[in-house]
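Below is a structure I'd like to ask you about.
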Amino acid sequence: MARQPTIVGNPVLLVIDIQKSAFMDGDPGIPIMPGYSDNMRRARSVVDAAHDAGIPVVFVQEIHRRDMVDYGRELDGSEGIHCMEGEPGTPVAFEEMGRLPGDYYVPKRRYSCFYGTEMEILLKGLKAQTLILVGGMTDVCVHYSFVDGHQGDYHCRVVSDCVGGTSSEAHQAALTAMEYLQEGAVLSAEDIITAMSEQRMAAE
Amino acid sequence: MARQPTIVGNPVLLVIDIQKSAFMDGDPGIPIMPGYSDNMRRARSVVDAAHDAGIPVVFVQEIHRRDMVDYGRELDGSEGIHCMEGEPGTPVAFEEMGRLPGDYYVPKRRYSCFYGTEMEILLKGLKAQTLILVGGMTDVCVHYSFVDGHQGDYHCRVVSDCVGGTSSEAHQAALTAMEYLQEGAVLSAEDIITAMSEQRMAAE
Amino acid sequence: MARQPTIVGNPVLLVIDIQKSAFMDGDPGIPIMPGYSDNMRRARSVVDAAHDAGIPVVFVQEIHRRDMVDYGRELDGSEGIHCMEGEPGTPVAFEEMGRLPGDYYVPKRRYSCFYGTEMEILLKGLKAQTLILVGGMTDVCVHYSFVDGHQGDYHCRVVSDCVGGTSSEAHQAALTAMEYLQEGAVLSAEDIITAMSEQRMAAE
Amino acid sequence: MARQPTIVGNPVLLVIDIQKSAFMDGDPGIPIMPGYSDNMRRARSVVDAAHDAGIPVVFVQEIHRRDMVDYGRELDGSEGIHCMEGEPGTPVAFEEMGRLPGDYYVPKRRYSCFYGTEMEILLKGLKAQTLILVGGMTDVCVHYSFVDGHQGDYHCRVVSDCVGGTSSEAHQAALTAMEYLQEGAVLSAEDIITAMSEQRMAAE
């Protein structure tokens, strides 16, 4: 099949798990690669561009109850306690990301933002066809959200310098895996901002 | 959390997409790593061990209709037409894998064996707690089936020398990603066969 | 919201569980209302009209494995063993319904044709917006398939004289419940055949 | 299959959509049967009994965004705008129901409390096997939550004098439909409170 355009139909920006901990010192319970905070900070430029272009923005948050009933198997591997309700690092970094009224918010208990959430309901309501992903972790929540979007027939794009992984190697491997699924899926912030801007001009 | 035992509760063996094409010459529509066929062939030993230990075996098959209505976005990336109904490479390699009466069969249209399938119904019926994965592709159907099993609270294990990837690098990266999710998840055929055998002896 | 047109966007006909047992003597394991077989037979006229109008037809089949692993809680109530693989009443009544090549087939293990099936994948592939339901049982598989279609944002229609319930009262109550969800949802065969025919003419 | 015990394994109480509007004058946007408020009030006794017996309680809330993106097809039938965020009738009636710290809360956008929610994640975490339902509407959210619980292999119970329908007829028909699915599913508050109490004593 021919390579698809960067944005097909209605795009939606998914901001995956950019939470206060990304900008705090201390152990978030999850290993992070060098430059992680910088990439999260850069995601702000994509959020702003989406706002400018009238593209819906969805803030996704991983959050777990303090009684730990909903961690499932998430503590069997390399992650410690993370994203616990009531901890200072858990709230979405709304201020840092320039959230506007009208933006959406979807909490989740697992890695994929489709698993046990209202995401599919919301995307149907928005008549979304293209999903643009920023946030973390490249190789966990971003990768597995991309996969479920892909399996749900969405055109998926991931902004390589606005996502961060659990290690540089894992970050790079996940980007390669996403590009394998959809050619042209991996873009820089500069590229996606340009595409969003053209989208806006076409709509005007 | 402490590292979990290799087999917790009732195990089930998932044989992911070991289809005739794995043992045929010609282009299966999907890139494959060196040694792919050998690893698929080796999966037979794990199937046999499951049979010996009374562990349920589920053969999963990716299959797409000839009118191509159900490929979704699967042709937007590195894969060409694959697993099409009626093609000689598409049937499950039942003979090569030594299928027995009583084994289960679950077809699927997407990468994860949980996506749009009866897998969760079947696993609940089997009261499964541990999933053991062999087959292909390590970095696509195996990886994403593992992730959904993980998200569904199953203990997941992948047999490293009985799975094959779209490249050696992608294969290795996916194994690393699975080990990240559950420590001890990646095992050799020898190790899992030993664990299955102990499981059988404990049951006797 | 204003009452919606009978057919919005692309329609798809779902033939729910019209299996050989509908036209056989003997106990199907499920209670049936008077006139059940007549209504199932009448469904053929809707299938024919869909074929004439170029509307996709999906045959759905409830089927359970002989080892009974996938009955779930379906035997806790008024139903006995039903739709078991290998029994003479279980195959889809393809001949009686005039199945054509190009029609689709989706097996299921539960009541709703969306639960643990590829239905949503298929409907996305068909770009379906309106679902037309015939078959049985009005108050079980038809009702609960309608509900899931409704929850998935589809316009849902049910053909009142081409569905049959577990009793006349249950049949009527389920029709009332579906009309509650979408005004104008309950139609006669004559009405839906007219609407399908207009759909075809509009497309020509 | 033999009729099942009232409570099998671990029970969980699901309080479906008991929101402030149940105890307010004015139009909630949904038709209600006579005696609706009384039944909602009576549900408190079941919540208290669950607390006494150490049975987990989950408060479910239907809630829709003010921009109406997530109503789906819910306004195509007999319901008007309902459960809108920011309206006085929309908050869960926590005070009236005697909510305690440790109770759970799950919002939803559709009728079934499983559809696009974390319910299955939570129930797996609680190792629940029996679901006890109170709340409203008997023939919509309660009925369709029961059905999804049933399809998910849970033993489901509904407390007939602690649920209320969109009409007396619809209420009764839905109770009959639930009893059809699982014999013994429909119980009075008195019966379920007794069963909960025996559960507690058995645990001590």
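A, B, C and D label the chains in the order they appear, each numbered from 1.
Here is the rule we use: a residue touches a chain if its C-beta (ideal position, glycine included) is under 8 Å from a C-beta of that chain, and two chains touch if they have at least 3 such contacts.
Please read all numbers here as calculations on a predicted model, not as lab measurements.
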item	value
Type of chain A:chain D copy interface by residue overlap (half), same or different	same
Chain separated most widely from chain D, comparing mean CA positions	B
Centroid spacing, where centroids are CA-atom means, of chain A and chain B in whole angstrom	28
Inter-centroid spacing, chain D versus chain A (mean Cα positions, whole Å)	33
Centre-of-Cα separation between chain C and chain A, whole angstrom	39
Chain C, residues touching no fewer than two other chains	72, 110, 115, 124-125, 152-153
Chain C - residues contacting chain B, complex	65, 67, 69-72, 102, 104, 108-110, 115-122, 124-126
Chain A - residues contacting chain B, complex	1, 3-4, 72-73, 75-78, 110-112, 115, 139-140, 143-144, 147-148, 150-156, 166, 169-170, 173-174, 176-177, 179-183, 185
